[in-house]
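Below, chain A partners chain B and then partners chain C, in two separate complexes.
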Partner chain A sequence: MAINYKKELEKAAKGMILVHRPDVLIKMIVRTIVQKARVRHAGILLHDQDKDTYILTVSRGPTGLKIPAGFCRVDKDNPLIRYLSNPSRYNQLGPFLLVRDNLKRLLRRRLLPETKKLAKDILYQMEIFGAQVCIPSFFRQELLGVLFLGDKNNKRPFKQEELDFFFALASDAAMALQNARLFQGLQLQLERNERLFLSTTKALAGAIEAKDHYTRGHTERVTQLSFILGEKLLQKKFSGMTTDFLSELRIAGLLHDIGKIGVPESILNKNGELSDEERRIIQEHPIIGARIIEPIAELSFVAKGVKYHHERYDGRGYPEGLQGDGIPLIAAIIAVADCFDAMTSDRPYRQALTRQQAIEEMLAKKGSQFHPQLVDVFVELYQEGRF
Partner chain B sequence: MAINYKKELEKAAKGMILVHRPDVLIKMIVRTIVQKARVRHAGILLHDQDKDTYILTVSRGPTGLKIPAGFCRVDKDNPLIRYLSNPSRYNQLGPFLLVRDNLKRLLRRRLLPETKKLAKDILYQMEIFGAQVCIPSFFRQELLGVLFLGDKNNKRPFKQEELDFFFALASDAAMALQNARLFQGLQLQLERNERLFLSTTKALAGAIEAKDHYTRGHTERVTQLSFILGEKLLQKKFSGMTTDFLSELRIAGLLHDIGKIGVPESILNKNGELSDEERRIIQEHPIIGARIIEPIAELSFVAKGVKYHHERYDGRGYPEGLQGDGIPLIAAIIAVADCFDAMTSDRPYRQALTRQQAIEEMLAKKGSQFHPQLVDVFVELYQEGRF
Partner chain C sequence: MKTLLIVDDEADVREFAANFFRKRKFKVITANSGKEALQEISQNRPDLVLLDIKMGDIDGIEALRRIRQLDNKIKVIMVTGKKPEEEDASEHCRKLGALEYIHKPLQLDELERIVLNQLIE
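Up next is the complex of A and B:
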């Protein structure tokens, strides 16, 4: 019998390299084997690095034949694992691939007592898994897993050529799996670091904000409002909006007021009208903020959001009096969110507006204080009940 | 002739999956082909995603035969690239693999004028590269690269079986290369994010520090001193020191004084003796600092460094009066660096000590204020001229 499935399986094995989720990869391998190689069932005992045991990770075939995945766990000193881990012992039971029918035949011969015991123990394990064949899979001398196959659908014995092929396949699979694990490790570390960056920035910006007694929670609310406004703009394919822009917008939201660290507490928390000089000092906070983060090359775009979030669409804002589309979009978005939150918060010199009143105020100032299209989208979000 | 190198090359190709540096991988592929397949030279024209051209990335063979790598760049509308990019045209010149001798034979026949021109143009390109065979390599329908091979060492023509094998190999290489590129992309992003995290933390901690007029540059110096002390301890295999510890130590150094954000400016910058109440408030800064970062799960170890960096070895420090080895090592290290920098800096109420004086002071307080072994290692670093 020609092994006509070989080409298909080889092709499938190659695609494995680019599957970077270990769990998906393993399921794919076993499913492919069952389908293409026409065996009744197949499974993989996989080494669990954390617990240093071998776990039945996936098992496929008709119900009744297969053991549920995760159900079975095998110790390192299980006879099957011990034998397969140690290629130098492979001459003890003949071929390194364990074939149940061969073991049965072997047991009919005269054997050394220890060989007999070994063969019996392994046969017992293979029967538990309903395995006709067990194939070890190594990565750099470590037994990474054991692939086991049930009987062929046509009940014929496996040929040596087929067994060799499965051994090669198992070794490919081990390599792909190792690759996927490395990939997943990097990805998890990346996610962890992104979380760490955001939460640290949030904590430090929050601590700085706490100096200003009037603005509790302001930073987080502005970040959140800017982000949903940005998301909506992205949805509407607003020119210049990208997912990268969104991540930078989030950071700019968190950092927009950090320049307040440079404003004396006595001015920041003054209970009463500010003098012109005091107002001038407060109005320096966008520049101070930008100066703090400008040395960070990766945040040059974010720095623009911080620096210009008090510019006005009509050019009457500060620090530079930029106008219309001359104001970076990232800053114009924060300006909308920032003013809305300021209007709807209590201040020592006035009560908070209701959200409805603030929305009306923003519509009134559309095109003078605010970027007109941004106000429209912001109002749309409000009407949808998004905030 | 049997292609006896096939097994070796196949084995080499499998190992490629785990090479995660694209440049190393490509060199490996070409070197392996030249050695195992016994061709005079080989090279790869590789798609450069940024510039959308094909670049001669590596070329191997005796000097004189090969073009220096990087020297040659080929546009997307080069006839060779245009032809190989478009498999639906492959019937135009016969087999999809371009073999120079076949093209020459083809040109001796009667051809449509456009076919003749195409064949001539491609032949000309192949002669530039000294290529006997050109093999396209695809990734998801995109022409990722072109592998070209010079003549075989024994000058015989390539057999179809060999060409098929090289085509399969080129496709494996394309997959491995794509994998390596994805890997490298992740790794670069990871490095970028780590840099971003450190520089942002540094910038924000620096801005907070700037509120305290007496401590310019203190944070960075303490971070640096703590880090080299930590490195030395790691070198000496000091119990509990690891490279992970070192990264956390660096972060803890940057954040050790952030709690000062919670101390009023009037106390922080007071020019004169502090009252007991004012001293009590200043002494809250380690607790405030720890509270700021405690919500960040990943920084729970760092928070210990921040919280306990004013504890003393004899238990007479604050906030909790921890003693000896009860003080987390990360905090004990920062305490040494922190005090050294404080002693060697001017304060409104006293002049700075010289570094030599400060070292003597620390030796005098070894075992009372400071962890004795840490002082010894710190003094050793001083004597080595490390600071």
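Up next is the complex of A and C:
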């Protein structure tokens, strides 16, 4: 006789592999079983890797026992766990899976004292959880969890065919669960790496501020201004802007002046106008910066932002005299933010402009020094009071 | 028949624990707060109290202190949801006369054993 809910559960099991959150997945498994197999309740004791114990993760059912999540645990030395962990012992208590009614029947027979004790201990554990059936699920020979089912709503016994099927289902679920855990672990690792990378970058950017007294806070402000300009461009669906671009822009902002590490402090902090030779040296900083970053293959895009942030739209910038759209967008954005912040900051040889004056200056140089569309968007942000 | 008072602000926990001990032939009463617990104790004099520490109005430890003022003999077992490394009030509770201090998630067979041990005369 076929089991009528088999197909639906198989379909559900296949869908599970797509769920990447272990907690969601476990709830889904239990809910599906309760609904489709029509049992009073079902639950999962799940191995907790940190504490090396089995925690009742979810238990639910419309009519049966409802044990609050996280309320109970079962340690490894529990008879139920000990028995299910070791499939070679399964024949001790009869055919394969643990079924409460079968255990009761077994106990009416003459048994070896140790078998009797084992059966009694396990029966007691099953009664605690209101379990009619306990199904182990394994991953690489490790007992990953125990699925337990209460009585069927119609009180009929489970057929062997059903039990075999639940065992297969529990294995699929274990696989999906392990998958979800790995995915979650990977995700966390990835986030950690990203945070680590960002703070490393910030530390590196801090090195230049320690050396160049006049740029204190400059890096942070340029990064921020570039970022909001980038965000606005993304909103406006500016060609070439993506969210990935934005995160690279943030890094490029932090590192845009990193090449100043290679410029003597006497020049960086000079009080008064620079000689031609000194100017030539300071103008090398974009190339030095790019050279510092270039060995990191993943930052090749960022390196472009560093290398070309002193290019001008009309081609009269440095180091290569790139022109118009020949200047990488990432560099053109930083150029706008960088100049604005420089103009509105005090320098030894001149006083800061007001922000309004700086904006006017930028409008005057739109299309000569700066990318015209970027200036328009930047001014728009200024008028919105975004900086 | 021994009477057990279960104090927890989570309804699911009260319901489950009450059923668990009723099946084991206890008379069970429940309370959802420290205040309610004190009322139940003065009216019904239970033999043993299972007292959750984290509750809304007065927490379990304060409730324990007031129970002691009310009745010096009543047996109390504290239940905590905190991990031992986060907060360990076990010494404090023992000084206030709690007999046991157990952590969630708890082992049901152990819980039963502890309760039975305390109620054997």
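We take it that the second predicted complex is superposed on the first by the 345 of 387 C-alpha atoms of A that agree within 3 Å, B and C clash if a C-alpha of one lies under 4 Å from a C-alpha of the other, contacts with A are read in each partner's own complex, and residues count from 1 in each chain.
Here is the rule we use: contacts are C-beta pairs under 8 Å (C-beta built on N, C-alpha and C of every residue); 3 or more make two chains touch, one makes a residue touch a chain.
Here the structure is a predicted model, which is why all the values come from computation and not from measurement.
In the superposition on chain A, A:Phe197 makes contact with chain B only, not with chain C.
Look at A:Ala364: by the touch rule set out above, it reaches neither chain B nor chain C. Of the two partners, chain B and chain C, it is B that touches more residues of chain A. In the superposition on chain A, A:Leu299 makes contact with chain B only, while chain C stays out of contact range. In the superposed model, A:Gly262 makes contact with chain B only, not with chain C. In the superposition on chain A, A:Leu188 makes contact with neither chain B nor chain C.
In the overlay built on the shared chain, the residue A:Val24 is in contact with neither chain B nor chain C.
Taken together, the two complexes place no residue of chain A in contact with both chain B and chain C. Looking at the complex, you find that chain B touches chain A at residues 14-15, 17-18, 20, 171-172, 175-176, 178-179, 182-183, 186-187, 189-190, 192-197, 199-201, 203-208, 210-211, 258, 261-262, 264-266, 292-293, 295-296, 298-299. By the touch rule above, chain C contacts chain A in their complex via residues 10, 12-13, 15-16, 19-20, 81, 104-109, 112. By the touch rule above, chain A contacts chain C in their complex via residues 53, 55-56, 65-68, 70-75, 78, 124-125, 128-129.
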